[in-house]
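The first chain written gets the first letter, and so on, giving A, B and C; residue counts start at 1 in each chain.
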C-alpha cells in the first residue's frame, strides 16, 4: 500500500486543525474588534447612528440566520444523498464552514481595515458565511474522494483566492453581483471542478458501489434541498441595499425559484425512463433558479423576467445532470460527485450572462455591461487557475487521500455504528478491507 | 390493463407542467409588477411611506419565512410517514406549492388590481403561500392514490375556488378569519375529502401493504410536525394588523398549541392499547390547537381562552383519528390517507364556531357573529361543491391514475434506488409488478 | 414482576397530564393577561410607547422563534441518536417543553406580578422557553430510563426550582448570566445528574443492547445538533439589552461556536482509535462553545476572548465524553445517557468561571465577581439538592418506571410500526419480552 494511502488521521488532522485555529485566534486578537460606535465616521452627522445601526442589525439578523441555515443545514444535508457518506457530508460540511467563516472574516476584512482593525458587523458575518459557500460548493465536486486534511487545506486556499476575486469584481471592476451568481456559484463550481480534474481517479471510471443513494438518504438530502430553496431569497438579498433593492431581490428570487421547480420536474420526467422523476434532479435542479437569478436579483427585471431566468436554469440544470455529467467524467476526466457543474456552474454562468444583458438594458443604475462581462470572466478564470494549483497541492502524497475502494465511505474517517446482526457479516468484511487500507 | 392505468408520465406530465408555467409567466408579464412607490396613493400624505413600507417588509419577512417553512418543510415532511411514499410526499408537495404560489398571486390578485396591475408586496407573498396550504391539505386526503398530473389540475382548480371563497368571506361578508381556520383549514379539508369521496377505491377497503409507516419514516414525519407546530404563531399572525392584533395572534396561538400538545398526548395514551402513545396522533393532533385558534387568534379571548380551544381541539382530533376515520372510510366511502378531517376539518369547524362565539361575546370590534356563521357555512359548502366537481374532473380516464396495487408506492412515478443485496430479490419482484402496471 | 414495573400508562399518564393542564388553565384564567398598553407605567412619559413596544416585539420575535427551534427541534432531535428511542426523544421532548413553557410562565411570572397579573410579552415567552431547557437537559441524563409520568413530575418540580434559583441569581445577587451558562446549563445538568444518581440502575452497569446508534439515527441527531449550533447566538442574546449588548452577545457566540467546532473535531480525532471522528463528540462537543460563552456573551471580552472560551470548551467537552463519562458511571454510579455533564455541566461551569474572571477584569459595567461566584455556587448547589429530592420522589414505586431490559426502547410506551418481514421474527420476540414486562 503506497504511503499516499496512509489514511490514519490521528496526528496530522488534529495538529493541522488546532494549529490553524490558534493562528486564527492570534490574528483575531491583533486585527478583529467589535464595531465601536465612538469611532463611527458618520457619528458626527447624527446622534442617531447607534440606533439606526441597531435597527439595521435587527433587520438583517433574521436574514443572516437564514443564510446560516443554508450553509450548515442546506449544503450539509444536500450532500447526504450518498448511502454511506452522510456523516462526512453533514459533519465535514460543518467543520469546513466553521473554519472557513473565521478565515473569511480575516481575508475579506484585510481589504477593509478601519483604524487598522476589522470591525465586526452583521454584514461582515453574512459575508463570512458567504465565503464558506464557495468551499462547500467545491466540496460537492470532490465529495467522497478527499480526506479531511485535504479539505482543511482547500478551505484556507479557496477562501483566500475567493476574497481576492471578490475584491477585484466588487471594488475594482464595480460589477454588480448581489446574489453572487458569479463570485460564489460559478467560482465555487469551477474551482472545485479544477480540483476534481487534478485529483482524477481512473479507478473510479466505472463507478463505485457506494456512489449511490438509498431511500432514506435521499430523504435526508431533501432536508438540505428545501432549506436551501426556501431561504434563497435571503441569500440573494442579504447584502442588497436597504429598501427597493432588497425588496426586489427577495421578490425576484422567490419567483425565479418557483418557476425553476416546475421546469425541473417537467424536464426530469421528460428525460427519464418512462417519465419517472429522478431524485438527483429534484434535489439539485430545483435550486438552479436561485443561483441564476443571483446577479440580477436586485435589478429591475420584472417578476416575469426572474421567472424566465428560473425556467431556463431549471431546464439546463436538469439536462446537464442527465447528459453532461457523464460526458465530463468520460471525456474531460472530471468526476463531479454532486454535479456542482449543473447546479452552480452553468446556472452561475447563466446568471452572469443575464446580468450582462440586464445591465446593458438599463436594469441597474450605475452598472456597466462591460464590467459585468469582465467580472464573469475573472470569476471563472481565477477559479480554474486557483483550483488547478490547489489540486496539485492536494495531490501531494501525505494528506491522507483515501484509496479508490474506500471512496464514498464514512468508515474510513469516522467511527460508524455496527448495524443489525443480519448485515454484520457483510460489514465486517467491508471493515476488513478498510483496515487493510489504513496502514 | 385499462387505459386509465397508463401511468407513464413521460409526455402528459411535462407538457402540462411546462404549459402551465409558460401561461403563468405570460400572465405575470401582463399583470404583475413590483410595488412602485411612485404610484403609492398614500405617498402624497407623507414622504416617509417608502421607509415605513420598508420597515414593514423587514418586520414581516421573518414571518413570511416561517410560513414558507411550514408550507415546504412542514406539510412536506408531515406526509413522509408512509413507508414507501416519502419522495412523493416531500417532492410533490414542493411541486404543488411552487406552482400554487404563482397561481395564487394571480387569482388572489385579480380582486385587488392597482392601476391594472397586481403589485407584489410581502403580504401578497404570504397570501400566495397561504393559498397553497389549501391544496396541500387536500393532497393529504388523497395522498398515495393520485398521479402528479391529477394533482397539478387539482392545484389550479382548488386555488381558484379558494380565491373566490376568500374574497366572499373577507371582502363581501367582512368576516374575521385571521388564522384561516375556515377559509384554509376547513376549506382545504372538505375540498380534499370531497375529492377523495369521488375517487373512492373499493379495492383498498381492506387497507394496503404500503399504507403504514416504518420507524424512520415516522421520525421524518416528526420534522414536519414540529416545524408546523413551532411556526404556527407566525401563520396565525402574519396578516394580522400590526401591533396589538398581531401580538395577540402570536400569544394566543402559542398557548393554544401548548395546551393542545398535552391534551393530544393524554388522549392518545388513554384510547390506545395499554396506554401506549400513537405516532399518528402525536404527528397530527398536536397541531389541531393551531388550526382551531385561527379564527379568533387576534381576538381578545384571553390566553386561557386560547388554551381551552387548544385543549378541546387536541381531544377531538385524537378521538377523530381513533374512532372517526375508520367510520368515514367504511360508511361514507371517504378514504382520508392523512386524516385531514381530524387535523384540519373538525378543528377548522371548531375554530369557526369559536369565532362565532367570540365575536358574539364582543371579543372583536367590528365583527358580526352572523357574518362569521355565514363565512363558516360558505367555506365548507363551497369546498364540498368545488371538491366534488374537481373529483369528477380528476376521475377522467387519462390523467395517469395509479392502479390499486401501486398506491402508496413512490416507484410508480419516481426512480427509486435499489436497496441492499439481501432485499433485492423482493424488490425486483415488486418492480416487476410495477412494470406490468405501466402500460 | 414487581409493581414498580407496571408500565401500563393507560390511566396514570392521561389523568396526570390532563389534571396538570386543567390546573394550569385555571391559574392562567386567574393570573395571566395580555400586556395592556393602557396600564403601561411608561405611557405617561411618551405616547409612542405602544409603537416602541411593537417594534421591540418585531425585533425579538425572530430570536424567539430561533430559541423555539432550539427547544423543539434542537433538543428533540439531538437525543434521537439512540437506535430505538427516537419517538421518545423527539416526542417526549415536545411534551415536556409544551407543558414546561406553560408552567414556566407561571412560576417565573409570580416574581413579577403587575397589578396582580402576569402580563405576557415576548420576553416572558422567551424566558418560558428557556425554563424548559433545564428540563430537557436533565431529560438527557435520564433518557431511556424513565417513564413519561416520571418526566411530567420532573418537569413541574425542576422548573419550579429553576425559577427560584433564577430569581436568586438575577434579582437578589444581581449576577450577570445573559446566556445562562449557570442558571440553565449547569443547573439543568447537575439537576439531571443528581436524579440519575438516585435512579442508578446496577443492572445496566455493563451497558444495554439498545444503548447505541445506527447510521441513520446519528444523522437524525445531527439535525438537532446543527439547529442548536446555528441558533445559539439567538439563545445567548435574546434577553440581552438592546443595542451593544445584544450585538456583542451575537458576535461572541458566533465566534466561540466556530472555534469550538474546530477544537472538537481535532480532539475527537486525536483521542479516537486510528484518528477517526466519533459522532458522539461531533453531535455534542461542537455545542460546548455556546454553553461556555453564555455568561460573558454580552461582555466586552473581544471576539478572540470568545474564541478562546470556545476552544477550551470544545476540548474539555470532547475529553469528558471520552474519559470522564465512563468514570462517572463506574465510580460515581451516575449513568448519564447523553453525556449532559460534558455538554452542559462542565462547559456551564467553565462559563460561570469565565464570567467571574471577565467581571473581575472589568468586562461588564456594574458586575461584581463575588456575586458571579455566588451565582455559580448557588446554581450548582440548588440543582444538586433539587435533583436529589426530585430523584427520591421519582423513585416512588408507582410512576411506571421501565424495567432494565426495556430501557432505551420506544416500544414500551409507544406503538411502534412492525418492520419488514425479515426482521419480524426477531421483533416479535422482543415484543414478547415487552409484553411480559407490562403487567
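Heads up, the rule we're going with is that a residue touches a chain if its C-beta (ideal position, glycine included) is under 8 Å from a C-beta of that chain, and two chains touch if they have at least 3 such contacts.
A quick map from chain label to UniProt name: A, B, C = Ammonium transporter Rh type A.
All figures in this text were calculated on a predicted structure; none of them were measured in a lab.
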item: Chain contact graph, described as a line, ring, star, complete graph or other shape; value: complete
item: Rotational angle, Cα trace of chain B fitted to chain C, multiple of 5°; value: 120
item: Centroid spacing, where centroids are CA-atom means, of chain A and chain C in whole angstrom; value: 33
item: Multi-partner residues of chain C (each touching 2 or more other chains); value: 62, 216, 223, 422
item: Residues of chain A touching chain C in the complex; value: 8-11, 13-14, 17-18, 20-22, 24-26, 28-29, 32-35, 37, 50-51, 54, 57-58, 61-62, 65, 68-69, 72-73, 76-77, 80, 84, 86-87, 90-91, 94-95, 98-99, 101-102, 120, 122, 125, 148, 216, 220, 223, 413-420, 422, 438
item: Chain B residues touching chain C - in the complex, by the definition given at the top; value: 59, 62-63, 66, 83, 212-216, 218-219, 222-223, 226-227, 229-231, 234, 242-244, 246-248, 250-251, 254-255, 257-259, 261-263, 265-267, 269-270, 272-279, 282, 286, 300, 302-304, 307-308, 311, 422-423
